[in-house]
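Both of the next two complexes hold chain A, though its partner changes from chain B to chain C.
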Partner chain A sequence: MVALEADAGRLDGDRAHLGRNIAILLSVLLLSVAILSLGHGASGVSAWTVLIDWMTGQTVDVTDRVVLFDIRLPRLATGILVGASLAVSGAIMQGLFRNPLADPGLLGVSAGAGLGAIAALVMGGLLPPAVAAAAGWHLVSLSAFFGGWIAMLTLYAISTRQGRTSIATMLLAGIALAAMVGAVSGLIVYRATDDQLRDLTFWGLGSLAGASWTKLAAAAPLMLVALAASPLIARGLDGLALGEAMAAHVGIRVQRVKAAAILTAAGATGAAVAISGGIGFVGIVVPHLLRLVAGPRHRWLLINSALLGATVLVGADMISRTIIAPAELPIGIITAMIGGPFFLWVLLSNRRTLDA
Partner chain B sequence: MSLVARGLDVDLGKRRVLRGIDLTAPAGQLTAIIGPNGSGKTTLLRCLTGEIAATSGTVFLNGRDTALMRPEDLASVRAVLPQQTTLSFPFTVAEVVSIALTASPTPMADRAGLVRSALSQAGLPGYSGRLYQQLSGGEQQRVQLARALAQVWTPTGRDGPRWLFLDEPVSSLDIAHQMHVMETVQAYARDGGGVIAVMHDLNLTAMFADHVMLMCAGRIVASGTPQDVMTDRNLSDVYNIKIVRNCVPADGIWVLPQAS
Partner chain C sequence: MTIRLTVAALLALATPAAADPHPEAQRILSIGGSVTEIVYALGQQDRLIARDTTSSFPAEAQSLPDVGYMRALSPEGVLSVRPDLILSEDGAGPPETIAVLRQADIPFETIPAGTNADGLAAKIEAVANALGVPDAAKAPVADLRADLAALDASALDGDRKRVLFILSLQGGRVMASGTGTAADAMIRLAKADNAIAAFEGYKPLTDEAITAAAPDVIVMMDRGEATGSHDAAYADLLAMPAISTTPAAKAGAVIRMDGLYLLGFGPRTGQAARDLHRAIYGSGHGGA
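Take a look at the complex of A and B:
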């Protein structure tokens, strides 16, 4: 019984090589989309001319430089980080809740962040003018971020007793919390002026339009830390797929994995929602597609989710900037309009696997 | 080296489910836990594996208090087969079995061979590429057995015997696979490992168990060899119907694997 069977090549059913190949493919794809995105925009600035001029030491037109380095580049970086964060958070939440339909929205993070943003937009004017002027638009991002975190920490505290987090309680309490937070948001919206309502609507639709280096500097560290930490919980999430008891039986520190998963996902989502508003669908569609192609093991799923999430968002942003240029369509509309039907198509064509 | 429990009381909610359990199960033997529904068999197994904490009392595995062991250390000495495992995502059989190796020191290069061997051992050669969710209940149960076997593949290690905790390991299996699985875990015990199995089938218990613990209402009411424990009187009292062993029914047919 001790002797192992001779290793006859790759194990049938081990899809790690698929995950790796897809990671390579997606890296190339992301790079291409990123380059394409830098070169396209409402102004006719060509990224290449500017870059070549800049590198060969020739004087670069100030407008061109601003467009490239202060508008398109921060926007690209924001798109990459937000897309990766949303997709990875989605994959983590689905693993944690053992449900392919879970989404960071479930944790009340989105609702909390929404309340934060709404409060900042509507009541920001009540602040002393000096504070309001200093905080400026960051007020919205920051309060969205803190709103998301407060919601998540409250939920975590509610559902953790004696060092054990009940996922079922968390799910149900999340619904209750989201309803309460939504009600408060509604009250504030009720008092909003027409201009504020317009701002609110656009924030809710999601957009990368406001991207700037300063905004990114506030949100990027958190997203980067969360993304870098996510591979550490990959094995734990694999174990959780067998159920909490089994995960512990195979040697996983379940409570630690759960806490890390919640913190990572909430941090990444909070920061992403704060700077980009409500961009839907990426968190559900991206991990789901990758699971269909390369299986649900989290080692490659998390990495590939980051890559595909970033690619999708940068691509969608490119469409949003150019389709009705010089005006912009909010990116949330694009992701929902393309993501929705695409997701349905994938679901229907894989119905047999899903029902089994 | 053995599994020892001392003075275990377990409460689920406000109800006391296990009362004053003392037991010793040596490695190298197949120990079966039998008893009627609701007598506390599964709760006892869950408590012995560390899944639920005892209200009072201690479990020692190979001389170490399990409550004080790290999950990864515990995982390297014992594997658990639950009654039923549902998966939330479309894992392949190979992936399910290799998740068992999460905390295992097995080098990556040997893992494919280990997964393959464990699957053959569970009677599932060639199943590694199949999707778990598309298998029958009995096949899924054997995949889980393969997963447990892979986790503690060698019955003894440097640090002592390894253990298999099985909750009704043959409940979904046909008669041939029941025999195969019982023979497999019996061989594991013969090679020095410890096997604790919650059993419903009294005939298989009588055939394969070295040691039987009979439970009733949260207590162990009899413990010893099948011969001593599975008496007409004990079984009739505990299961609350008239049971006569080694007695051929007057008419009708009856099927026992022993006969072949």
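Take a look at the complex of A and C:
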């Protein structure tokens, strides 16, 4: 008994040690990328000169000030939060569905948010003027957010019977729901004008270009709460990896973990998609890479996913802002173009481990 | 229509159009193909320092830095070219970017859209006013009005012809222009009728609707493909069952014109309308 406990303790210690070291490494990486990102941009404004001038009370050119404080800073903060949210949501969903390919899309969040955005872009003009004026140009974000939540809650209600959520039902009902949402989106797209179609295409490719303090103030609280709550369900997700019955036997309140996982992932993803459009790939690949390196325990996986997701997105955004400056390449193209081949390379070089 | 008006009203809220003169501006960013064309037509191109992706005419404009597609502008990208005046066609965005640009204290003038003689004249005058050279608008506006007036004066021998505007032919699917589009406005300027009046905007058309529309002429955009591929495309187009029965196919009446020239609604529109009219009705018309 004693020997067994010591053994278990050591194994556990090994993983935790690795997870912690990776967390430290990723924090340093994130900090470096963030500093680099603040200093680089199409305009060639030096963040440090502006910052020093501003702090020492010298006159700062209004353009330079806007570039640093109203463009790069909110954009950096948005990138960090969105990247972290997408990666953590991905990790949670993969734990919940016990499938490395799961992502928040399975909750209907992405499809619902897409429908919300499309509806706002094409039919925003049908709203009563008072409502439209109050929402202003945040209408698309708001509509995407509520679209995502409505889709998720519907799916949750469909797959929950007598206080028990069936993950299998959720998966299949999600496919049906996505098809229905897709049909409605198609109908609206059919009505759209050429300009609106262009807007829709760009929305689907994702961008942090619309980042502003106002948007961030609206979306950040939800993402922060979801991120802060995620470690609380780490143990529950570890338990679910054994299967629902087994998890219940080892004392995990399965239904509560499921509900918490769904709410957390949907909250974080909904807010992220609402302010940045459709940025794919981060949610699947970041957790997967970390699982390959440090194993499947959720405690460090969730924390490290947040760090790596933020790093990847801030880095990708920096490329998106500068590669064809003064124009900008949508960030979804960058994440897929760099991430896809990299992911493939990781998979192929780990083929033996994966097949075993 | 009400949708469009409300959207326009919303946009107007976000970007109040007040064409203040900026004779001092020497670093001008022009957004929108027609606005850039107008700047050149006014002879003010030396003051341009950047353009957007849709500004592809005249060819010299393409050597200016490109700040991206006009509806997906990046705030830092726009600021990086250090403009002291931004002239923009109606519809530049996203609104988030426009909001940041306003914070940066850069004058931002929105030029109203126009698709008839008065609207186009107002457009050219708005650009000239914003540039602080109102007199420079006189010549291009006079040319434009003269071209369109010549069209109005020209009498048609027979009936007005029915024109089918095909935006694209992807995999044999005809994407045609209904009402309310630039193509529709252009067909009317050229004194012809749009064969498709059943819907608004550009939409895929079923084969039977093409046959029923019975267009006398088909108009398409020239995207600068090699001439050889045109002939092949004509043959393919006219051989399509739905199109082969139309008067246009029987007469071989397919017109191709450069997209920006035909649908840009800038200073060349009067000339383009006359060219289109001539192509539709034969060379004896439109005061050729």
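Here, the second predicted complex is superposed on the first by the 336 of 356 C-alpha atoms of A that agree within 3 Å, B and C clash if a C-alpha of one lies under 4 Å from a C-alpha of the other, contacts with A are read in each partner's own complex, and residues count from 1 in each chain.
Quick note on the criterion: a residue touches a chain if its C-beta (ideal position, glycine included) is under 8 Å from a C-beta of that chain, and two chains touch if they have at least 3 such contacts.
The model shown is predicted, which means the values in this text are computed figures rather than measured ones.
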item	value
Touched partner set for A:A209, first chain B, second chain C, both or neither	second
Which superposed partner A:A327 touches (first chain B, second chain C, both, neither)	second
Partner chain in contact with A:D53 - chain B first, chain C second, else both or neither	neither
Which of chain B and chain C A:V250 touches, first, second, both or neither	first
Contacts of A:T193 with chain B and chain C, given as first, second, both or neither	second
Chain A residues touching chain B - in the complex, by the definition given at the top	1-8, 10-15, 98-100, 235, 238-239, 241-243, 245-246, 248-254, 291, 295-297, 353-354, 356
Interface residues, chain C side, partner chain A - complex	2-7, 9-10, 13-14, 50, 53, 65-69, 71-82, 91, 93-97, 99-100, 103-106, 201-203
Chain B to chain A touching residues, read off their complex	46, 49-51, 70-76, 79-80, 82, 85-96, 98-100, 102-104, 109-117, 120-121, 126, 128-131, 133-134, 151, 153-155, 187-188, 191
Footprint of chain C on chain A - complex, ascending	41-44, 62-63, 66-67, 70-72, 123-127, 129, 132-133, 136-137, 190, 192-195, 198-199, 202, 207, 209-212, 215, 321, 324-328, 330
